[in-house]
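What follows is chain A paired twice: with chain B in the first complex and chain C in the second.
This part shows the complex of A and B:
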């Protein structure tokens, strides 16, 4: 299977957790949907192209910082005493809020479209981006350190492969459950280590209204992963690229 | 000797010899207990590999006293470099078995762990020089030093947990526990187990000696019941004087056993009884005594029998390798916290039988540990027998809730009517005691109060009426020396054939295990269990021959002393209610029925919930979360603190200071065991003059510390003391409550 491998760097970034409100919390690595969205945007795709993605990386630290928040209620009319900004007849509140930011993020990402003919197109989109690439919020600019076309091969390991330089990864839950990987940061007295997430990957639009008055909702496909630093164990089968990186494709 | 492969320094021993000693012990254990639930082959390999990490040059340099290198990795982790998982696979071991082996070797000492496997792997190179010349015939062929640890089998802090790994967790306990036992036994140069090949015969001899006196004597129903069910978990309720200890020993037969009792004094008494009446010889190979003052007791034993090597005897006891060990609950059951290194205790109990005596004495906290402990023991296929005079019904419910399988509780009583009880609904007072005792003409009178305060008050009042020569006081706040004099006095007087008369005023410390027989009993009500225990000290084994012989004061409008302080209010009130309507003869069967009816989870729901909460708390603790020291500190809250009253210190300043100097002295260069005897004797001199005070009370009084060394200090309590009354009003920290109304 052909894939695009990216080495990326970002300085201060927020991959928002959809359930966070007062403080905009961040996931420790970008979730699948964020990466898939970036690919679609860079390539100008109007509809979903099925793809598999592996996310690995690390960050140096985490800080909280202020950002400007724009708040509005659906169809609420502008009121002078309430709103700071008027857009047509509607009103918007402008204020400050806090976001959690990851500092000095390094990422190692594998992207493999199901339609393998798209590989070159996606590769080109990263070599010559049509606008500045960002990952996370719109303002979270991306430094592309490396783009490489690689081939992923299903391989039974003779030797275990340790994670790259303290990198963490999203690991499919089954892989952890079946002990095909070893979670490295154990603590005595703690039965289960690693953080389990249900991450969004892609969605379908579902109509809950009628044909005439449609009410469209996104029905998300969520995947069960463990965020951890792992070693891929010997005698198990993994997707490996030619530089001996393991890709945990989801 | 391989000078580049030392395992121990004093005396010097190389890894090969040490490992061979472990393997000898494995064979010994296998011969004695061939059916243990452990993979003997895996245990063999665990022993072979366990100390190979000591080949590292840093370890060798340290043990030879050449140099301390920084960043030494625990040798158990370095041993992993030598484990050849491929060879083990070829021998037929599956992944789980190999994982068990890696972790057993890695964790065989509780040491500070590095953060990552890489830190261990970096040190592997340091094994090469000594490994190149290392020869050992037990190693598999073509052994190599790995460059990496296979993380399928080990990664730092990865462990087996009950919740996740189920049976594997218990397999690990057996493997690690037994490896530890072998290792410690080999290090100490003692056999890991001494077989029990004497107890059945000793019991037969005991019966023969009784039959010489009276040829119609035979084991009673209780004893026969227990002897006939050696493979079952039993619960037996039997009244005092039915020979429960003998019954327990008959159940034990020729098996490895632990006999647990709540009080040190009771343990000492049983140990004495077994050594004098039952086992009689080779005590140091047969029966051990395990509580916080074991060594001091052994010193006494050593004085009687000079052939005993105290050090060996003590080590054997500490390592649980004797056939029969008499111990306190906390010495054995602290494993329920599953602290790092707990495996050896549970592994040992898996092939042992545990006898638990006097269950009614334990606090809710200890009951919780007991129930959980029995859960694990039965899970590992160990056996237990509970012996008790009265059994709270809710205890049975607790056992069932933990899926513990046992035979239905059996009750053994005889038809002898011993007691007639008069309930007096008033405060305990000297006037009634004097009047009633005149009326019934008892010669030996026992008065039991709930608190020291109330006992002191009565003592003074009674002394005024009857004269100081006729009245004695016994409670826990006497120095050990005075207390043992008093205990032998009360025991002597409590013998039936003794014709001395007088009044003993005591607290519930006489409730259990003191074999005394008085004519009249006056007591405050604590709870039903306590009351019946106290009644057992009066007409212990003779037929009632007067209208009343026991009088219980239930307090009237006032509350009995100690209630609310250390006696549960609810239990007390329910006990009081259940005594309504009782007047006159009370049979043994009646007593058991009353206790059964009172101590149910419905009636005493708070008490029951308290125990349940304790159980849930301990269960909520993860395996290996605590170190052994953490757990010992937890048990401190049920422990006591030894203090010397200022009055006593002023009386024996020379003796005590001399002993302190002996403890302070430097013993480097002196023979280890000689130094230990010196120190222990000095400790005994000090101990004789100390009073044991519950931990929580000790925190409330003003203590002056005398420094001995970094680990030990002597506490002096600012108070007067005399041998008639004990501690007199110690100085309290501000806000402290009345001392003597909180103690007994």
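This part shows the complex of A and C:
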């Protein structure tokens, strides 16, 4: 399977958790949907192209930072007591809130579209981005350090592969449950370590309203992963690229 | 009621804390762990849930409630009466007056008034409030002794009143309702607000039935309902739900006003709604987080629910046992519990423990980065020695332990703190409750931090030790020449040089000193030249050696023990 491998760097970034509206909490690494969204935006895709993604990386530390928050309701009329900003006849609330930011993020990402003919197109989109690439919020600019076309092969390992220096990964939960990987800081007596997340991957639009008054929700496809630092064990099968990086494709 | 078991599985921290709160409330014996991250319970566990809910808060936080402050006076009251007020002196009178003022304030507060309506009793507590007045305090103990019999008579009359108030509050109904009211405004409202008994417009006065009808009944009703036709799904547990009426906006610092601020969600269409059962679980959030005086802490161990319950209960008992509500016990409990984990054959991957702190009505998260955690673990001895170390700067009391931990969390080094400590020691030693060994410990921790941040190779204790020795021996030489009065000026100049990391200035001063005492410059000083952080460490350790014991070594121990 052909894939695009990215080495990325970001300075201060927030990968928001979906339920954190007031304090914007961040995931430790970008969730799949964020990366898939970035690929779609850079390639200009209008509909979902099925793809598999592996996310690994690390960050140095975390800080809380203030940001200006704008809140409004579509087509809500301006009210002096409620809104701080008037736009035409409409009103917007302005205030401050806090966002959690990751500092000095390094990422190692594999992207493998199901339709393999798209590989070159996606590769080109990263080599010559049509606009500045961002990952996370719109302002979280991305430094692309390396883009490489790689071939992922399912290999039974002869030797175990440790995670890159201090790198963490999203590992599919089954892989951890079936003990195909060794969580690096694993200790006897504890079945598995790390933090579990249910990450969003892709969605389909579902109309819960009527035809006339549509009420569109995104019905998310969520995947169960463990965020941890791992060693891929020998005698187990993994997706490996030619530079001997393990990819935990989801 | 359909008796299907109900399952709860761990998710994000807020949910996890709520699940743990739920387990705390119903009791661990009423749930069974079926997988590492999942528990099951019978719907019967929800019978009388509202009583268990409040009982948990009242029992757990009993000693922090104002109700307890009223009732707790009973013992004192008995003692005085038993020995016929022999030991009653001016101090006791002052204490009594403070107590009376507190009681007056409490029993006429709105939350107490609301509780009276629920208590079935003839007694009119508010009428006591008017009669209960403080007693005039004599100027001094002599005057007190003169008027003692009169004062004691007054006191006896107050005691009669107080006894009635205490009896009223200490009754089982008093505890049930006043305690619950206390818990609501001290504990529960830290986690959620605006609905049920915390809705300011609620029609139901009885907080127990309000909670029951708002949370419990809707949940049990939902459990029994036929869900076949429901088209929406709960965001947390994915169960089918009928409508979008339950959102997260009742949780503090979490949701948003769904009706008026829909820009928060995709396409202005809020899809984050929960089922009534999840809402009931979320209402247990305050029982999962540990609160002390408007601050809270929760350790989000996501892998094993049992461990999560155990760790948090350990912290809870530790924090609530300490009477002091300052920051120190929270940090200290946190750190020592983390140490215990480490010692517990290092069962947990420390780096993945998310710590949620609740402060100033907002949540803060710390995934303690592993290097920083290691610093805390590795320097346990040094850190422990700093717990009671304080100094006063601009009239503000600064706790060195808090400063150090805070800086470790923020990935900062400690040079500015060390500078402040040494400067304080030089300018006004009476306001510094520490000695040289404490400075040394801070320096050692700082070395650890610097080596984590990169660029440090030398063994950290070695450099600090050698430089301090150099400082001390130079100081002795000055003493031998009877020139110790010169040391303060030298230290000031050295500190200025260190603050600006001006190596030339530092060397100018030290060379001058060694010339004066006619001896060789120690190797440790010249070795550190041109090595950035090592130079600063050497310099500060050297200065701390120079300063140490300046105010007479006999004072040292006493100062260190200071407040």
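Here is the rule we go by: the second predicted complex is superposed on the first by the 240 of 250 C-alpha atoms of A that agree within 3 Å, B and C clash if a C-alpha of one lies under 4 Å from a C-alpha of the other, contacts with A are read in each partner's own complex, and residues count from 1 in each chain.
Keep this in mind: a residue touches a chain if its C-beta (ideal position, glycine included) is under 8 Å from a C-beta of that chain, and two chains touch if they have at least 3 such contacts.
For clarity, every value in this text was computed on a predicted model and none was experimentally measured.
K.L.:
Looking at chain A, does chain B or chain C touch a larger number of its residues?
P.N.:
C
K.L.:
Applying the touch criterion given at the start, work out whether A:182 contacts chain B, chain C, both or neither, answering first, second, both or neither.
P.N.:
Touch status of A:182: first partner only.
K.L.:
According to the stated criteria, A:48 is in contact with first (chain B), second (chain C), both, or neither; which is it?
P.N.:
neither
K.L.:
Is A:160 touching the first partner chain B, the second partner chain C, both, or neither of them?
P.N.:
So A:160 only meets chain B here.
K.L.:
Using the touch definition from the top, say if A:234 reaches chain B (first), chain C (second), both or neither.
P.N.:
After superposition on chain A, A:234 lies in contact with chain B alone.
K.L.:
Kindly list the residues of chain A that each of chain B and chain C touches, one partner per complex.
P.N.:
In the superposed arrangement, which is not itself an observed complex, chain A uses residues 183, 186-192 for both chain B and chain C.
K.L.:
For the complex, give me every residue of chain C touching chain A.
P.N.:
Going by the criterion above, the answer is residues 10-12, 14, 36-37, 231-232, 235, 248, 253-256, 259-264, 266-269, 271-272, 300, 302-304, 345-352, 354, 362-367, 369, 372, 410-411.
K.L.:
Where on chain A is chain C touching in the complex?
P.N.:
Going through chain A, the ones touching chain C are 17-23, 25, 28, 60-64, 70-74, 76, 82, 93, 98, 100, 183, 185-198, 208, 215-218, 227-229.
K.L.:
Note which residues of chain B are touching chain A in the complex, please.
P.N.:
113, 116-117, 148, 150-152, 155-159, 161, 163-164, 340, 622-626
K.L.:
So in the complex, which bits of chain A are touching chain B?
P.N.:
159-160, 179, 182-184, 186-192, 231, 233-235
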